[in-house]
């Protein structure tokens, strides 16, 4: 992706976290989303049962994916939609561009689609003379700033209202220094209303594609998916192939989980079930693979295909909250992103599974119960075995393992470490201890280890 | 009288022997015969968590060789017990003693609460104490219900601590957020690790904790390192030390 | 269709069978009073709820509200409720609906747990009617309130009779600017629910 920063996560995170007050502000904003999720979930007594069902429905869907996709295609086509298939990002972009170009459409409005971010659609279309307007307010803000969203549900969570005010003053002519969210949102409403009215095509993502009806379900709070698709004569719906659910009744489970997990709302304002085109217009659905079929064949990561893109894992992740989505350098950041990214490019994203303490909070908030922390651990093993982790660190760990494999070597090493801690000047010790000692004291060094003392007091075993 | 083989994590053995000592005394006080198999070294968690399964496996095998045949194996460490319970099956699936040792290995508070059925710990600890809920203890061993899941609340460590005479338990605003240690994360992502640790210390300070305790010395080592560097007055003790109580 | 065949072939190669379809049991909300719970939920999503005994009363209540009194262009899709200024079915191009002040929509069923109302697509001459006007009013029968989305989907039976529609829960909103909730993003700035056939709650 064009925006991937050259810095690794640790470097980017250190830069982000250097501004402590701002990092605390970012952390509190996202923690508040977590708290709202908790409150909303607490209102559903059978919350954990819903999560079990969601996990099971997705597992079943993934096990029967080819048949479900064919069923979906039949039903969607019968309803009057045209279904396209794209093997990768490039093919997806060509298909979307082709549909627009054939109809002479040069003004496109888009509602949120992380898939199109993943495919780099916007720059592809813009390079070919198509105006692409992201209509979700958060996405329009980052589009104005020419940067990627920092969160899959809250694209502009990293920005303060004063910064958005300054941006809108420049782009929309709002009053200088104005930062009231109501005022700024009103300005965006007017601006985007003009774009909706002038659009020649509307593109949406797909939250859920329903196999037994052929419908695509799109959930928004703003109404931008409905605005963008109810006026122009062409609706493009782009979906990752894992978005399939078998039955309409499954939506009862997913829609009860999605908004509560994402924002703490009981449901999004608009949950629109599109079935076929409006009379006199066209609906084209683009089903995209782009590595998903390969992921389906990989244990344990195939479970990551269950993701419904709610963002709850990002809101709860203590590392994400303190490093920001941009520090991950991938389209979908945070815990789920750190599981998905190495499947795309293991070498480039080898640091991401290590950008985690494996605390496991993500797995406990995930509405479809993806065991994210276990998958991150599994990635560490694969990446180390493939040689993508720093050689020095591997050597140090293997050396330590060799030392610890023998009780005598282990005891000697311990004695040496404690001796060094007691005898060497604190400054030298701190430097030897490297990144530990920069901000932290080393532990005090007792004269005796526990085993020394036990041997002394209990006699030799 | 249950017989307990004491499993002392490597860093506790070397740098915090008082925690192992407190664990031994606590178990004896509750009627256990405690032995310390001296051949033990390390459970292999640092290697396994860094993806070095091949380096960890010999250590796991040595662990199983050392601890097989004991009625119970108890450790003052949630993360080490988590390693044995959940990661050993993938690392050393063929070791004949795997199941026997796995199912006999417990974290200290888990052992007191679940196996010995302790609900009241004799002793005084007249201090204001903040409980740091370590992630492995929370989400791998399920020593408490946790803040994320909508299940009936329980907290085994808190139950034991709150039974001490004179203790005042205070809650940080975020009841079980990670401290930022995370093994090699503490070094590889130093900036975020230290910020997370400081945030935890600030929360406990705001709650009025004079003492911060928990079941994982690794977390506490990280918090203590930060606290001492900043000259914070808070004392950091392992739960074993707190449960032993203060001398009158 | 090379792409389609290749993708399906890859999926067939890689899919692991054996995960059975679960039975959707152990879930379902229960409320002592559906109308009260629905009213709370509508308020929670930013809507306003008015209880009326019948359609005639709905009309009276609606026409007394500022959103109707001050409206210059009104479309009314529930016969007898509201005073329309034109018939949207006679409009060919939905762009002409820009500038609509108020649209009165029929609601098929209402969901107590989250304040959502199912709007049946076939009853709208234009999809744009749910999102283009400044204000919306939705008329729904108290007898059509169901406890939760499971019950809603069971009643709608979308697989039995596939059709388009949407769950609409309150007015358009966003919190994209520093988490401040703003009502009226791109869609309606307000949503008034006229709940027909339920008595007002006691004193």
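We call the chains A, B and C, going by the order they appear; numbering starts again at 1 in every chain.
Assume contacts are C-beta pairs under 8 Å (C-beta built on N, C-alpha and C of every residue); 3 or more make two chains touch, one makes a residue touch a chain.
Since the model is a prediction, treat every value here as computed from it, not as a measurement.
Peer 1: Using only Cα atoms to place each chain's centre, name the chain farthest from subunit B.
Peer 2: Using the mean of the C-alpha atoms as each chain's centre, the farthest one from subunit B is C.
Peer 1: Just to be sure I understand: the centre of a chain is the mean of its C-alpha atoms, right? Then which chain's centre is nearest the mean of all of them?
Peer 2: A
Peer 1: More contacting C-beta pairs: A-B or A-C?
Peer 2: A-C
Peer 1: Rounded to the nearest whole Å, what is the centre-to-centre distance of subunit B and subunit C, using the mean of the C-alpha atoms as each centre?
Peer 2: 51
Peer 1: Using the average of all C-alpha atoms in each chain as its centre, how far is it in Å between subunit A and subunit C?
Peer 2: Subunit A and subunit C have C-alpha centres separated by 29 Å.
Peer 1: Could you give the separation in Å between the centres of subunit A and subunit B, each centre being the mean of its C-alpha atoms?
Peer 2: One centre to the other, that is 32 Å.
Peer 1: Among the residues of subunit A, pick out those that touch two or more other chains and give their numbers.
Peer 2: 44
Peer 1: Going through subunit B residue by residue, note those that touch at least 2 other chains and give them in order.
Peer 2: none
Peer 1: Mind pulling the subunit C residues that touch 2 or more other chains?
Peer 2: None at all.
Peer 1: For subunit A, which residues count as touching subunit B in their complex?
Peer 2: It is residues 9-10, 13-14, 17-18, 20, 23-24, 27, 31, 38, 41-42, 44-45, 47-48, 316, 318-319, 322-323, 354-361, 363-365, 373, 377, 379-385, 389, 393-394, 397-398, 400-401, 404-407, 410, 414, 417-418, 434-436, 438-446, 448-451, 453-455, 458, 461 of subunit A that touch subunit B.
Peer 1: Which residues of subunit A touch subunit C once you look at their complex with the stated criterion?
Peer 2: Going through subunit A, the ones touching subunit C are 29, 32-33, 44, 46, 49-50, 52-53, 56-57, 59-60, 62-66, 69-70, 75, 79, 84-87, 91, 135-138, 141, 154-157, 159-161, 164, 181-182, 184-186, 188-189, 192-193, 196-197, 210, 212-215, 221-224, 226-227, 229-231, 241, 246-253, 255-256, 263, 265-276, 278, 287, 289, 293-294, 296-297, 302.
Peer 1: Which of the residues in subunit C end up touching subunit A in this complex?
Peer 2: Of all residues in subunit C, those touching subunit A are 1, 3-4, 6-8, 10-22, 24, 26-29, 41, 44-45, 94-95, 98, 111, 113-116, 121, 126-128, 130-132, 148-150, 152-154, 156, 158-159, 162-180, 182, 184-188.
Peer 1: Touching residues of subunit B toward subunit A in the complex: what are they?
Peer 2: 8, 10-18, 20-21, 36-42, 44, 46-56, 58-59, 62, 135, 138-140, 146-151, 174, 176-178, 180-197, 199, 221-222, 224-226, 228-229
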